[in-house]
Amino acid sequence: MPAELIRILIGLVAVALSVGLIGLVMVWVERKVAGHVQRRPGPYEVGPYGLLQPLADALKLVGKQLFMPDNADPILFWLAPVLSFLPVLLLFLPLPLGDGLYTMDINLGLLLILAFSGLAVLSLLLGGWASNNKYGLLGAARAVAQSVAYEIPLLLSVLAVAFVSGSLDLATVVKEQGTWPWNWNIMTQPLAFLIYIVSALGETNRAPFDLPEAESELTAGFHTEYSGMGFGLFFLAEYANMVVVCSVATVLFLGGWHGPVLPGPVWFVLKVSLLMLLLVFFRWTYPRVRFDQLLNINWKWLMPLAVANLMLTAFFVKLAQYAVVK
Amino acid sequence: MNSLDALLKGIPLDYLAACDYAKTGQTWQAFLPAGSLVKAAERLLAADWHLEDIAALDCFEGYVVTYHFAHFDQPGRATLRVVAPHDAPHVPSISAVFDGALWHERETRDFHGVIFDGHPNLIPLLLDPDMAECFPLRKDPKSRVKMREFLEAGEVLYQNPSFTFMTPDAPAVSQESGGTAATA
Amino acid sequence: MNAIKEAFKTVSDLWSLMVGLKVTGKYFLEPQRTVRYPWKAVSNLDTYKGHLELVGGMKDPFKPRCISCGMCALACPSHCLTVVKKKAPKPTPEEEKALAEAKASGEKTKDKTPKDPEQFLYDYTLCSLCGTCMENCPAGALRFSKNVYMAGYSRNDFQFDLVLKLRESDARATKAEPAAPAAETSEA
Amino acid sequence: MTRYADMGQVAGDFYTENFAQTAQEGSLILNLGPQHPSTHGVLRVIVELDGEYVLRADPVLGYLHRMHEKMAEVKTAAQFIPNMGRVDYGHALAWNWAFVGAVEKLAGIEVPERAEYVRTITCELNRIASHLLWWGAYLLDLGAFTPIMYAFDDREKILDILQVPTGSRLTYSYFRIGGVAQDLNEDCFSRIKAFIPWMRSRLPMYKDLVSDNIILRKRIEGVGPIEPELCRRYGATGPVARGSGINFDVRRAEPYSVYPKLDFEIPTSPLMDARGRYDVRMIEIEQSLRIIEQCVEMMPEGDTLVKGAPKPSWKVPKGEAYFAVEGGRGKIGVHVVSDGGKNLYRTKLRAPGFSNLSLFAEVSRGTILADAVAILGSLDLIIPEIDR
């Protein structure tokens, strides 16, 4: 038992460090990709290829005065960014980076991730509500409606994979898949993968579904009044959430650490990076959808499709079991 | 082509003239008594004219509130003018007919202090509400010029005998001024 | 049947998202448009219209061609020019005598006042760079400089005497230093 | 904790109070602007919201008001030209033209033919630049970040061309009473000739990246319907009117300069919504390229400034004149009245954006906030022009 505890502690520290690092790297990647897509160099002045730019930005954010608007609720106002960041750390615990390379071995890893990612919306709501700002309030309202709605198809698409693998343990799900792409779950569950990616965009408030912070309508939505590290934590949490979402997609659909030649963790990181790059490209290519359209996509398209997919999967899984038993 | 004199038939007018478009960019110009402005605007709207702008002109005789109307389908520009006296510059609002006038009238109030009666929301538009009583485009009484000096007289189609603002002064003066009034 | 058509249309609509990604992906790989400023300069600096400057005379390139007529100051829409004329030099006793004689005999005396201005005060903060002054200068003594790199710490840095500026350029020229760092021009 | 119900706390200034008087019970009054990412400068729109729905919207102007009309009364006509470059930074040359044209009409000055062509070429280039600026900014409103960079890449080329004769990149004061300040040189012509095919090759990319994009289509199709009747009542012109199917363009309706000699089409759209206005502007870019192409071919030799062009001290003869040109946003009208004195007696500037924006209050009623922003952007607002 102490060994397990030490493992978790080491894991937590490692995760906290790596989340910070990933956040910095992602900021750099995002800006660099945005730059190159828009035919600019992106950051290039601070450090080689601007690599130290996010660090400089982070230092600036840390150094900034923590500012709270008049009449804001002081406790909730500062609780919100912390609350947005902490659950994200937990989400990293059950992720298997390689064979046996994970912090916490629980057979309900998937459930844990889904449960704690649901907490993120609470922080957005608190932040928007507590800052005593109308834009913040509108942003918070949007965030809640959006996150609650998109959690359902996310869950349903993930469940379909769990049916196939017969387990909620992420490591088991990976082990069920093989080395080559045609052994991955994406081949059997392409629809679930699509639904998952779209709902993940909605869940992480990434463009084109970044409505809670739609700057052309709500200036900055729920984080309008945050500056300094308050904003920094929201920012970090957003990128960390992205990483989690992409990691889960990798684990569930893209065969996790499986891959030829290279060692497992490298494959894992590679797959996650590619997915992240895709999300970044989405952001710099598409306009933002409207709020009612966002909900329409969810309730009219994703939900029925996800349910249908789940039913079909259940049917085929049962069929296969029956055949095996026979 | 629906000419303005046919359009405004039956509405009491002060002055109506056909102008030279090539020279001043307007085809008709009319002076209206304040009472018949709204009726004239209604007729213009019914004949598919649209409001280009409203502007006041601070002349010797008063504020000449100028309405420019144009048409989407045919060339030409109709200029309606209403004279509002300096001491009580009141003109009826045509915002109930042309919604576009809402802002133009507020702007004119800002610049010249002309009050548009019947305007639903005559608050400052471009100027600061704190300087609501400052009218930047009002001229000082000495530099005001008589409107016949520079407004195009055109080919007079109708003139109310009591309307003398556009009739040239005594011949000697008129020749001296040599403005458009004399050439028309 | 209609529903199938609808679904088919939706799929083709979704394809437009891929087309968009293709465009951004293409530009992602193409060379950038940005000119990295401090190390490279843009190529269109030669048509840049900077602050006003006085044109030097034919004989002495550092003595303004200006004849202090004040047409420019009169024409300027924003009143940013002030021409201060030179006072006539104090006549020497002989000259004074000659002048008195000439006056007595009713001859026209030659005006000894130098034509070039004492000061040509220019307020760059007010200037709208319309070029009206140049167009109205009878001597062709004004032009726009190509000084792109002008910067200052205060408003006063942009209010200067053009005569002095012309003389300073003289000093700089005699020092035989390159007037401006040779800017490497790039494409785009 | 229920702070938002307490309206006393958010009393606001004169305009907010005025607006709040007629507010419904329980609605949220929100000030969009004057500093807001989607109001293109310093427009302020007070909106009354019921959740995401706009119950009422009222634009508040004047944050960029500079009283150009008063400045016209303290400067001579020729000295006023620099002001016209600053009324509308998007399409500065059209404003140059409107004022210069009005004074020329009043004084009866004939402009040399070459100058007319130079004016047409530069004005149309400026129109393309204006539409590109709108295109980028509008998509930014709709949440797409990249298009504005591509648009500015193209716009930069136009600014480079216009910099050659005018020396400026944004606030041109290039036209003179009786002509233009400077002729186009060979360098300029070669740049223009290179620009036309290049711009044409870019338009399909715009279509692929944005115009056909399903998200954009869903965002602007059917949004902000403006009936032709509404245009007429508000005096909306330009792409807003043409997007509502009204075939009205000052270049054809009140032909001026060399436009009657040129072969180009007035694009209209029967859609009447934001999509219609979008399409009209995109086609107008093509048509402007066509105009420039023809002008470069037909360019006659000669002066670009009439002999004995007016000096700044020139007194405009007595009389009045109204001159309208087609700007990027619609009909720009300048009404000048002169009493023969040193300065003009009265100059009235008719800004197209002013009339176009005034219909926003009516069109935005009952829409979603995001749609209201989409409508606001589709009107193509340049605030300095509206406030003058």
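The chains carry the letters A, B, C and D, assigned in the order they are written, with residues numbered from 1 in each.
In this section, a contact is a pair of C-beta atoms (placed from the backbone, for glycine too) under 8 Å apart; a residue touches a chain by one contact, two chains touch by 3 or more.
Owing to the predicted nature of the structure, the values given are computational and were not obtained by experimental measurement.
The chain with its CA mean position farthest from that of subunit B is A.
Between the chain pairs A-C and B-D, more C-beta pairs are in contact across B-D.
We define each chain's centre as the mean of its Cα atoms; on that basis subunit A and subunit B are separated by 65 Å. Inter-chain spacing, taken between the CA centroids of subunit B and subunit C, is 44 Å.
A straight line joining the Cα centres of subunit A and subunit C is 54 Å long.
Between the Cα centres of subunit B and subunit D there is a gap of 26 Å. Residue positions 146, 150, 153, 209-210, 213, 215 of subunit D are each in touch with at least two other chains.
The multi-chain contact residues of subunit A, meaning those touching 2 or more other chains, are 37-40, 284-286. Every pair of chains meeting the touch criterion is listed here: A-C, A-D, B-D, C-D. Within the complex formed with subunit C, the residues of subunit A that make contact are 33, 35-41, 44, 281-282, 284-286.
Chain contact summary for the complex, subunit C toward subunit D: residues 13-14, 16-17, 19-20, 22-24, 27, 33, 44, 47-49, 74-78, 128-132, 135-136, 144.
Within the complex, the subunit C residues that touch subunit A are 17, 20-21, 23-25, 27-34, 36.
Residues 23-26, 45, 48-53, 55, 57-58, 66, 68, 70, 72-73, 75, 77, 79, 98-100, 102-104, 111, 121, 123-129, 136-137, 145, 149-152, 177-180 of subunit B touch subunit D in their complex. If you check the complex, the residues on subunit D that touch subunit C are 75, 78-83, 85-86, 146, 150, 153, 160, 163-164, 167-168, 171, 173, 176, 181, 205, 208-210, 212-215, 217, 311-313.
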